[in-house]
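For reference, the structures are reproduced in the following blocks.
Two complexes are shown next, each including subunit A; its partner changes from subunit B in the first to subunit C in the second.
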Partner chain A sequence: MSTAASPTVASSFVTGLATQLRVIHAVALRETRTRFGAHQLGYLWAILEPLFWIGTFWGLFALAGREAPNGMPIVAFLATGVIPYEIAMKTADRCANAISGNKSLLFYPQVKTLDLVIARGTLEGATYGAIFLIILGGEALVTQHFVIDDVLLVCVGLGLGCLFGTSLGLVLCTLSVLSNSVERLRGPLFRPVFWMSGLFFTAESLPTNVRDFMLWNPVLHCVELVRDGWFASYHARHASIAYVLACIVVLLFAGLTLERVVRAKVEVT
Partner chain B sequence: MIRLEGVTKAYRTTVGDHVVLDRIDAEFPEGVSVGVLGRNGAGKSTLLRILGAAEQPDAGKVVRKGRVSWPIGFAGGFNGSLTGEENCRFVARIYDADLDEVIESTRAFADIGEYFRMPVRTYSSGMRARLAFGLSMAIDFDTYLVDEVTAVGDTRFQEKCRKAFTERKERSSVIIVSHQLKTIREYASRYAVLRRGRLEMYDDIAEAERAYEANA
Partner chain C sequence: MTGPLPAERRSSTAKDLRRLRARRLVLRMSLGVVLPTAIASIYVGLVATPEYESVSSFTIQSADGVSASSVELLFAAMPGSSAGRDVLLVQEHVRSRAMLQHLVEAHGWLEHYQDADVDWFGRLATDATLEERYEHFLDKVQVEHDTQSGTLTLLVKAYDGETSKRFADAILAASEAMVNTLAQRAREDRIELAQTELDRAESRLTAARTAVLAAQNEGAELNPMASAAAILELRGELEAELARARAELSAMRSTYAPTAPEVVQQQQRVRALERQLDAQRGRLAGDEGRGLSEAIARFEPLVAEKEFAERAYGSALASLEVARVEAHRQHRYLVTIAPPSSPDAPTHPRFWYAVLTVFVASFFLLGIGTLLAASVREHAQV
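Up next is the complex of A and B:
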């Protein structure tokens, strides 16, 4: 922001980066307030939603007399499905709305679309990361069983999920500048992902032809990676870090290109 | 200093492209306050958003020297669900200014009492203008972009705004847009008329007035 007489490329990159980090930090802090509301209760709601899905599937499993596959405890099995799914898809959803929810911020020249998306992605990642710890920590306390098979793999699965969601959100967010119908299509496009991401099944348990189709869904890979890392008894033979990374790179490339294209078209109100 | 070089901006509407700014070349020199006159819908706010880099022109270039404020007005820039104070905190953060100083000086200038700690959506447009103006004064800019904000408040607030600008005349200049000759006269020493996408500069207010009235 300073107007040095003749900034070298390196120094203008550093000041640019400092400004961007400051903006992302400020937007993320602000989003904390608007996301969770003025009351502490807002955080409770964020936890209740995944708990609701875990409870629902738990009930359905009980009714059907089914158990979690590979000897996984049922609540941990469902939690390692629901939360990685949410870290990916809720982040995508929130990032896709980044502009419409923060339009007034673009008034300030240093605030760019990309900052809004990164701030939301960071906040959602941190939120669901914390929710993951709270719910699975609670489960461990109740079952008195706390052994994580591979912490790093759990982090990789959650991290990839968050990155995938942010990149997908960036693409949708920039596309929404070009056309309103993107927002309307999002619901119908996202809904099948909920049923196809292994929230209540494992890739291992699927018939080969179904599995081959389902494995196009990167969110399923993230769920598989988290479960592989969490449970000693489960090994995700079909999950591929490289595949999810490839999806992220392609989406990021598309999203960053689109951001350039629509930059002049974002209307500020 | 801000210089516009062939700046063009059009908005897509249902009845085709509407060109708001049409190949504008203009220079707003350092230390000189400029008042831009324009009818409603002439593109005054668009011009300010482009000067302040909130929006990009479709074609052309904007060259800025020194720190330029965001367009200060009663619309935009605030999040309605956050309080006045929280909005100040956000702006102070992105401009790397001291949080407490900015909050204190904005509170004092805006003078909106308890409302400072209430969501901005509960504000009247006059209160929004007070907050926006106070906040922009709390951060040092070389050029202030003002969108008729002073026309909103009551006489006392208008007096306060004028005084604030007079005090910092040595350091900062103002680019103010308005549809009222009166407002422009109080702040500016150079004048411009924006109409049909073109911007004409005048040194003499009488000339500007003639040009403005001529196409009334």
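Up next is the complex of A and C:
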């Protein structure tokens, strides 16, 4: 874009960006109130849910007498599986509902459909990033062992997970404007991902043919990346940042295009 | 020109706007999509040095034949089966810096990839650090592990078919050498242990035998136990004889006069028997420690030691035999399933694949950028 050539284009971009950031900030703040508004424990639920999953799998592992692979501590192993999964799929889930949950906000001319999705994606990313720190920090306090192998890789894994979730959510959210059945299909479509994202196994431990199939799942790549970064003893040989990025680019392109297509329909209703 | 009609003006400005938009779109597309695609196709199609890929596959076989049972397949990645673990070891070895070092030193790895004929992007810089060389090495040599069949597939990329085959051959040979050393060492360790055990038992047995022999020399008694048994038997017989003689004597005394020649004779017989018995007792117990019981006391531990040593020697011999069989059974060797192919046509880079990837990626990225920028600018129009 030749922004330098025409100052009006550049200035409109800057003012637009300022407005958009303000809108996203406001919507995200509002979301913190509404997200768990109905529940008594409020925001605490966000941290209780991953803890519940970690506890369940911990119990199952203990019953089966299984150890976490590659000498990883069991709680940290499960936490690095559950939270990247949640950061991707919970974000997708929340973003998919962004329009239907905030339709009234679209009454304000400054608020666009994309802002709602971005606000939810940002909020979920920040929430689960904080939860990641709290749970693994707590684990470190208990075990007195806190060594992160590669901080940047952990951030990349979580960031890619959040971006993937947001892009997927954007696509689903725009599609749900076109057809109601998308919302119905979302649950059954998301459920297998829970079992296929390496929450309680590593890609390394799978037989080749199963692994080749599982690696189509970008969430598994994110989980593997986070584990690679977190544990010095684990190397995610099969995780590919490029693959996740490709998924994000395709989904984002589809989502942004669809958003243009459906925006008229949203504003009418 | 006279002033045109307002409707015409509106339509002309609309047309201008549309033309402006179209021109912008064309500019954007040509900069963001056509240009990268063109660059990519020029590079891939004309500049890039084609690469040949040599494919081979191999596995590690153990003499016991069972590399992975059907149950183990379920837990294929659990390093339970040693054959499966060996495959992983070889995979690690192929991907190691030591392998790169070996290729650099013995097979002219650097010379091939730093060749001036290779295009600038693909070429390995002459001043590349060890880490850069290793990254480059991992890019050119790939080894995939199929957990189900336990085979390894080796892919080697080079700038001509001959060389890729040569490198693959070298890697296979080095891996085979490693497997052999590994198996050899395990086998030697095991047999060596059994051999030392056998040597110890042997020297113990020899020592025990010498001690027994020395004691025999000293006491001039070949087998004191047997002599003692003979004496004991003799003594028993003498005692029985004596008892019978005494009984006869007392019977004679009641019928004959005490001076009768029969009685005297019998008395002499009894006395002779008593003397004989005393002599035998003396031989057994002995005076001043020269008797048989002394000799037995000296012999007994030596004989026991000899017996133990014999038994230990026997078991050591058996365990050496077992170790030999076991070592032979656990012998591992590298089996080449498919020897390195000698490719006759380049496989990398794939022209259409690369160009299409660049086209689609740049198109999508441009689309995302445009749409995001537009959505930002929307906010300014309110």
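Here is the rule we use: the second predicted complex is superposed on the first by the 255 of 269 C-alpha atoms of A that agree within 3 Å, B and C clash if a C-alpha of one lies under 4 Å from a C-alpha of the other, contacts with A are read in each partner's own complex, and residues count from 1 in each chain.
Operating definition for what follows: a contact is a pair of C-beta atoms (placed from the backbone, for glycine too) under 8 Å apart; a residue touches a chain by one contact, two chains touch by 3 or more.
Not measured: the values here are computed from a predicted model.
Q: Contacts for A:191 in the overlay, against subunit B (first) and subunit C (second): which applies, first, second, both or neither?
A: In the superposed model, A:191 contacts neither subunit B nor subunit C.
Q: Which holds for A:208: it touches subunit B only (first), subunit C only (second), both, or neither?
A: In the superposed model, A:208 contacts subunit C only, not subunit B.
Q: For A:23, using the defined touch cut-off, is the partner it touches subunit B, subunit C, both, or neither? Pick first, second, both or neither.
A: After superposition on chain A, A:23 lies in contact with both partners, subunit B and subunit C.
Q: Would you sort A:256 into first (subunit B), second (subunit C), both or neither based on which partner it touches?
A: In the superposition, A:256 contacts subunit C only.
Q: Is A:33 contacted by the first partner subunit B, the second partner subunit C, both or neither?
A: first
Q: Can A:109 be said to touch subunit B (first), subunit C (second), both, or neither?
A: It touches subunit B and subunit C both.
Q: In the superposed arrangement, which partner chain does A:15 touch: subunit B (first), subunit C (second), both, or neither?
A: A:15 sits against subunit C, while subunit B stays out of touch.
Q: Using the superposition on chain A described above, determine whether A:66 touches subunit B (first), subunit C (second), both, or neither.
A: neither
Q: Give me the intersection of subunit A's contacts with subunit B and its contacts with subunit C, in residue numbers.
A: Of subunit A, residues 1, 19, 23, 109-110 contact subunit B in one complex and subunit C in the other.
Q: Could you please specify the touching residues of subunit C with respect to subunit A in the complex?
A: Contacts found on subunit C: 27-28, 73, 76-78, 145-148, 361, 364-365, 367-373, 375-382.
Q: Show which residues of subunit B lie in contact with subunit A when the two form their complex.
A: Spelled out, the residues of subunit B in touch with subunit A are 11, 49, 52-58, 65-68, 70-71, 75-79, 81-82, 86, 90-91, 93-96.
Q: Hey, which residues of subunit A end up touching subunit B in the complex?
A: Residue positions touching the partner: 1, 3, 19, 22-23, 25-27, 29-30, 33-34, 102, 104-111, 263-264, 266-269.
Q: How about subunit A: which of its residues touch subunit C in the complex?
A: Residues 1-2, 9, 12-13, 15-17, 19-20, 23, 109-110, 112, 114, 204-209, 246, 249-250, 252-253, 256-257, 259-260 of subunit A touch subunit C in their complex.
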